[in-house]
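Structure record follows, encoded as structure tokens.
Naming follows writing order (A, B and C), and every chain is counted from residue 1.
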Amino acid sequence: MTPEITIAILMTVVGASTPILLAALGELVVEKSGVLNLGLEGMMLIGAVAAFAVAATTGSAWLGALVAMLAGAAAALIFGVLTLTLTANQVATGLALTIFGVGVSSLVGAPFVGMTVEGLGTLFPESLADDAWGRILFGHNPLAYVSLLAVVLVVWFLNRSRAGLILRAVGESDEAAHSIGYSVIGVRYLAVLFGGAMAGLAGSCYSLVLTPLWADQLTAGRGWIALALVVFASWRPWRLFLGAYLFGGVMTLELHAKAAGLSLLEPEFLAMLPYLATIAVLTIISLRRSGARAGAPACLAKPFRASA
Amino acid sequence: MNGVAPRLALSGVTKRFPGVVANRDVAFEVQPGEIHALLGENGAGKSTLVKIIYGVLAADEGEVLWDGAPVRIANPKAARRLGIGMVFQHFSLFDALTVLENIALGMDEAMGRAELSARVDEILETYHLPLDPMREVHTLSVGERQRIEIVRSLIRTPKLLIMDEPTSVLTPQEVERLFEILRQLASEGCSILYISHKLHEIQALCERATILRGGEVVAECDPKIETAKSMAELMIGADLKEVERRAGNEAGEARMTVRGLSLPGEPPFGVDLDEVSLTVRAGEILGIAGVAGNGQNELLAALSGESLAAKAAMIRIDGTDAGRLGPGARRRLGLAAVPEERNGHGAVPEFSLADNAVLTARHRLGLVAAGFVKFAEARAYTERVIRDFSVRTTGPGASAGSLSGGNLQKFIMGREILQAPSVLVVSQPTWGVDAGAAAQIHQALVDLAAGGAAIVVISQDLDELLSLADNLAVINEGRLSAIRPVAETSIEEIGLLMGGVHGEVVEAQGDAR
Amino acid sequence: MRARLEARREPSRAMRLATPPLAVLLTMVAGAVVFQIMGFDGPAAIHQIFIVPVIDPSHWPDLGVKAAPLIIIAVGLAIGFRANVWNIGAEGQYVFGALAATGVALATWEMEGVWILPAMCLAGLAGGMLYAAVPAFLKTRVGVNEILTSLMLTYVAIQLLYYLMRGPWKDPEGFNFPQSRLFTDWQTLPMVMEDSYIHLGVPISVLIALAVWIVMGRTIVGFEVRLAGLAPAAARHGGFNAKRTVWLCLLAGGGLAGLAGTFEAAGPYGQMVPQFPVGYGFTAIIVAFLGRLHALGIILAGLVLAVSYVGGELAQTAAGLPHAATGMFQAMMLFFLLAVDILVRYRLRFGRPAAAEGSA
């Protein structure tokens, strides 16, 4: 393998890992607060279509990414109202959100099918990325840097900040947090909105970076893989980072095989790989731990309604 | 105390919930530096009242005076600002976080880690509280957990400390240490409002007592002058009915034998059972004492068949090896079990009482034929349980969740006892049950034993075990002590066993006395 | 005056029945508003979607044909949802079951006999069960969450379908189109009535729902499933094996989804094509909830969702509404249902807190 190909592979892995890392980081914070939002895929699709629509009509990809975050947060707000205020079942509501996101994105995206937009481009001037190291350090899409920064910030927030401690406490025991005087619902709303914004941003990655061309169901189940990643990472941000890059590698195998001129597997079987890998990884991680939920917040997916 | 305004004074406090008045026109005063008892049985309205004082609930009517000035305590934060600290019966702790993190969470304003750590060390030192701030809470004993709550309150140097049923989970020795801390605090001028239904504790600790019954103040007294019996009668409102024991207490043949039963607890926080052995005979009531969380739930699950033993011979029921049999098969052998938790374990709140009868009575009563449930027969059986155990309900179709705690417990006990089990294992038979229902349940257990059944009662209430059981063992960290006759056992011994002091030490202490 | 929610002592039975129609009604109102905003004639679009298919008898057979797979899949899923077993991969089990039936059809293509169709149905049932057995095995043996595994397998099943259609199972006389041979008469479901396209699967779907109703309401298996969902600890205490319940739920859900797939392939399609997965497995989740996880409710809910499909197509031609609107619409229905469901457990009160209702 030439250095050229190695670098190219590295670049695609980073590209494929970025959106699932962003989405999974958001979901990790949500789950740490004790809420399970299975609507990740739906929020990503809504973010993707919002980003594309804004970028296509205004010509600004950055504005598109911003609107994607708002759209993702708005979708998360629906989830929040249903599950937190109206105490609806979180699993059912998350599924509804995904079905909703599929519908909304293809409805809003219908006029844009097949259109292309100017994507987010790169963050640094081209001149910095003209040799091998330059490309590895400075040649990635802007959201890749955002996602790495987000990992650091989430680690700091959860482990070092008082707000993060309160968030973990709410996810650990809603009753205790409530009786001390913390607003369980308030904390969870903020977490859910953050998760939505991150999912929206992750969605914009698909429509503004990876394929600046609109097609239905652009995210192709990556939201579910991001959900699995949170379990795989045992709710730890650093392991999430590793997992996202592992999956980025698996997801781009198809491309690499083509680039290397290999055709060991039929294309359909290559396309199955990320999903099969997810199942395999979840199985291994569950086998390794005694309790499959070690590390899971104790109140995950448990509805809370203040009794007083 | 002349001229000094009381630290806390309540007048005319009333609180209603849908369908029930929890507090009606309550008035009492607590002086600075006074240890004041709030006495009443379960459901008398003590907890509601202290939640009002602490700002968790808002009173519908009435006035609260703090150092002589009227105050409105809108939330716990406001209460803490006034200088009110509270240690809840159910701790507000986070199992997966460290002691220090838990204390930090209890603070209203952020404090630097180093500063907080120093302050905590200082308090631990002053009050001689052994506690490691870096440990995660789930690794601590219940007594240690309570100390976290106490430190949380003391960090703000409170003027009033409310303790809600603080001793129900402590060993007698831990209780004594708690009392020393409380006395020290009171001597420093801190008032203490001590909520309990345990008369001897109140006599040992408190200077004054306010007695609640049915949400109203029925008396105020000096516990050092009153007798335990007179306070009990004020609390319960009627003469206490003694459990009638049958005469001639001869144990028959062994009905259930457990030998060398070890079982790993369920992660993350389960307790391992370690070499548990016991025998219970026909006509015998065996009591198992112990502080909560020492393997009681695991033992009940192992005996009922919810968890399977490693070898069939580890548990024998009426001569049959049952260690590898599930709950259904064990029930057919004659074993019945009542777990500690009623809602969601012993009964399904959303199910009707008849469905709840099908849950555990179907094996012995044949309530299922060819896969179909015989609902008519289940209803008939349920009606019998309701009648024989005077369960207050609208009928077999009522959901279990609509019953009060005491009535549901009577239903569950009745459901098991009317199946005429040969062995009954029951955990916390009168937990959260009013005195009338408790007496009824105790009588039913005694009668069942008199009929030749063997009964195991797992309870944290020592008084209950001492009045009910023939023989007694103590469970501590998953190990069961040797079984001794109740008549030959002292409270001190049991207390030491509950605290994890085993065998020889007890003997040595016994000799020393 | 301020609206408040007050907990009911028992969930309201009346509200359990009233909230699904209320959710449909709210969806119609909200849908009209949304379409109006989007520049369509909102009320007309709603009329096309919800009213026309119901009042025009010429659409009734179509309603039955659309409702049948939804009902069959949804009753299967509802069994699992009752027990908190979240099989959301019915779409994959539907496809895999249909592929198993197609396999039988292709193997028996040159044969004749009334046994062929039942053999296909059995294969479809077994295929769906087999596909659902994977998440069941992983959940009971290793503790892997069934939500993620069952869903991942859906993507796998669809890729498998693409592969088979493009490769080994491609019709040799099909001008290189990626689709299977047309099934023979022995391999297609007979029509119930002459000159209509209501196939045998339609009445069978109702029979299946009725059977599930009896099982859930009268038998110890139904008791076990309801119990496992409400109180797992009580189920264990009562002597039910939690793993067995998981197996039961997933096999029932998978098997029925596979059967529904078989009926679709051997019914309306009459062959296997790459466009076979149209999302019935996901829509059935909405059907199950709208039907209150109750077999009889699911028959009605299946018809409501069928109306939205048929009406959605009508609105496409009549009002120019995009095809995707149907999906959004169906999701909105579930949103509204989940929202108004709070009225089952809580009472909406206005004004000051009520005084105590008598003394206890």
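General observations
The criterion applied here is as follows: a contact is a pair of C-beta atoms (placed from the backbone, for glycine too) under 8 Å apart; a residue touches a chain by one contact, two chains touch by 3 or more.
This structure is a prediction, so every number in the text was calculated from the model and none was measured.
Of the two chain pairs shown, B-C and A-C, the one joined by more C-beta contacts is A-C. When every chain is reduced to the mean of its CA atoms, the largest separation from subunit A belongs to B. Our note on geometry: subunit A versus subunit B, Cα centroid distance of 45 Å, whole angstroms.
Spacing of subunit B relative to subunit C, judged by their CA centroids, is 47 angstrom.
Note on chain placement: the centre of subunit A and the centre of subunit C lie 28 Å apart, centres being C-alpha means.
Shown for subunit A are the residues in touch with two or more other chains, namely 291. Residues of subunit C touching subunit A in their complex: 81, 86, 88, 134, 138, 142-145, 147-149, 151-153, 155-156, 159-160, 162-163, 166-167, 282-283, 285-286, 289, 322-332, 334-335, 338-339, 341-342, 345.
Of all residues in subunit A, those touching subunit C in their complex are 38, 78, 81-82, 86-89, 91-93, 95-97, 99-100, 102-104, 106-107, 110, 216, 220-221, 224, 227-228, 231, 266, 268-269, 271-272, 275-276, 278-279, 282-283, 286-287, 291-293.
Residues of subunit B that touch subunit A in their complex: 51, 56-57, 75-77, 88, 90-97, 101, 104-106, 108, 110, 266-268.
Looking at the complex, you find that subunit B touches subunit C at residues 16-21, 60, 304-306, 326-329, 331, 337, 339, 341, 344-351, 355, 358-360, 362-363, 368, 371-373, 375, 399, 401-402.
On the subunit A side of its complex with subunit B, the touching residues are 162, 165-166, 168-169, 172-173, 175-177, 179-182, 290-291, 294, 298, 308.
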